[in-house]
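Chain lettering (A, B, C, D and E) follows the sequence in which the chains are written, and residue indices restart at 1 in each chain.
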Amino acid sequence: MNLARVVGRVWATRKLPDLEGLKFLILQPMDLESSDDVGATLVAADSQQAGEGELVYYVTSREASFPFDRQYTALDAAIVGHVDRIDL
Amino acid sequence: MNLARVVGRVWATRKLPDLEGLKFLILQPMDLESSDDVGATLVAADSQQAGEGELVYYVTSREASFPFDRQYTALDAAIVGHVDRIDL
Amino acid sequence: MNLARVVGRVWATRKLPDLEGLKFLILQPMDLESSDDVGATLVAADSQQAGEGELVYYVTSREASFPFDRQYTALDAAIVGHVDRIDL
Amino acid sequence: MNLARVVGRVWATRKLPDLEGLKFLILQPMDLESSDDVGATLVAADSQQAGEGELVYYVTSREASFPFDRQYTALDAAIVGHVDRIDL
Amino acid sequence: MNLARVVGRVWATRKLPDLEGLKFLILQPMDLESSDDVGATLVAADSQQAGEGELVYYVTSREASFPFDRQYTALDAAIVGHVDRIDL
């Protein structure tokens, strides 16, 4: 899993029917030791009512559809938890 | 999912029979915060009648064949939605 | 598999029910020849009672749920062994 | 899918029995907008009688074994088409 | 598949029971055109009695467990062949 800050939201009315009803957030991955941003933003489906500015962790690839009970959905990134605290 | 701009199209007459009838577009991935291009272009099958210049989002790896009901097709990137609006 | 140093721990009370009971550690991947850090930190589920500062190896993607007998869990990184010695 | 130029061939007599009979080519991935090389070369199984210098597209990961009707072969990159023309 | 030079070995007595009996080697991926090292070292299970200094090719992700007839093992990199000759 990787950690990211929620930095925005994507609106898409025309899309695969399978993706209807999902909320798509924009994530900026972060390095935990340096708190620097790492790599480019990505778009993830939200299974955790995440809000802007929150620190979350997310999974990628096929695992991303499991939180939505949609095993064959064309989905490859999903938020799976909120981060409460980090000990370094 | 990642976001990209459609920048072109690939024509390939000799290919795997499984890939017949699919439209292949060239995508340039983008970073949403900076609007910069990120990484190299890739080729994705289009499930959404996307046109040149449009902002789309796409999935990669095994998920890419689901929009086409082709579970065992050698396909690893597919456009799954048009982006209408982004809130940052 | 990749090698990493355990550099911290993540606490997350709100998360997918499937992830309850798992311990999540922060890993810093390393290059073995140079002993340099490589790439950004990531979060992995721990199947090996790993402790801070230890050198471990981990798997990513779908393989990560196998140590926990959870084949369809939204989990994409897991520690699978402690490194005792490296011969270069 | 990604695009690449065929730049060579790999000969390997000692290998997994499952890989017998496959032709392995060396690919240099390319960026289509800049025509620059991107990233390192990789080795892909050829399902399309590709020749040196040709522009091809290829898939990676589990999809790579589908063209060979070998679902559980340890194969993670395969050429699936020749590129005839690119419109940018 | 990618090519790499075998640069060392990892010893790990405490690990997942599923991984018992496997030999783990340290690989340094290489670019074939430039012969430069590319990216960080990784750890792969050896299905080919590879020795230090040898040039090998390896697969990653789920394909890595196929050479060992262990479909659900938490293994994500495996050596599958020795490279005899490269034509560029």
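Convention: contacts are C-beta pairs under 8 Å (C-beta built on N, C-alpha and C of every residue); 3 or more make two chains touch, one makes a residue touch a chain.
Just so it is clear, the model here is predicted, and its values are computed rather than measured.
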item	value
Same-site or different-site touching of chain D by its copy chain E, using the half cut	different
Gap in Å, rounded to a whole number, between the CA centres of chain D and chain B	19
Chain centre separation (chain B, chain E; CA means) in Å	31
Overlap residues in chain C, where contacts from two or more other chains coincide	39, 61-62
Chain order around the ring, beginning at chain A and proceeding next to chain B	A, B, D, E, C
Complex contact set, residues of chain E against chain D	1-3, 29-33, 38-39, 47-48, 57, 59-64, 66-67, 71, 78, 80-88
Interface residues, chain B side, partner chain D - complex	7-16, 18-19, 24, 26, 28, 39-44, 61-62, 65, 72-77
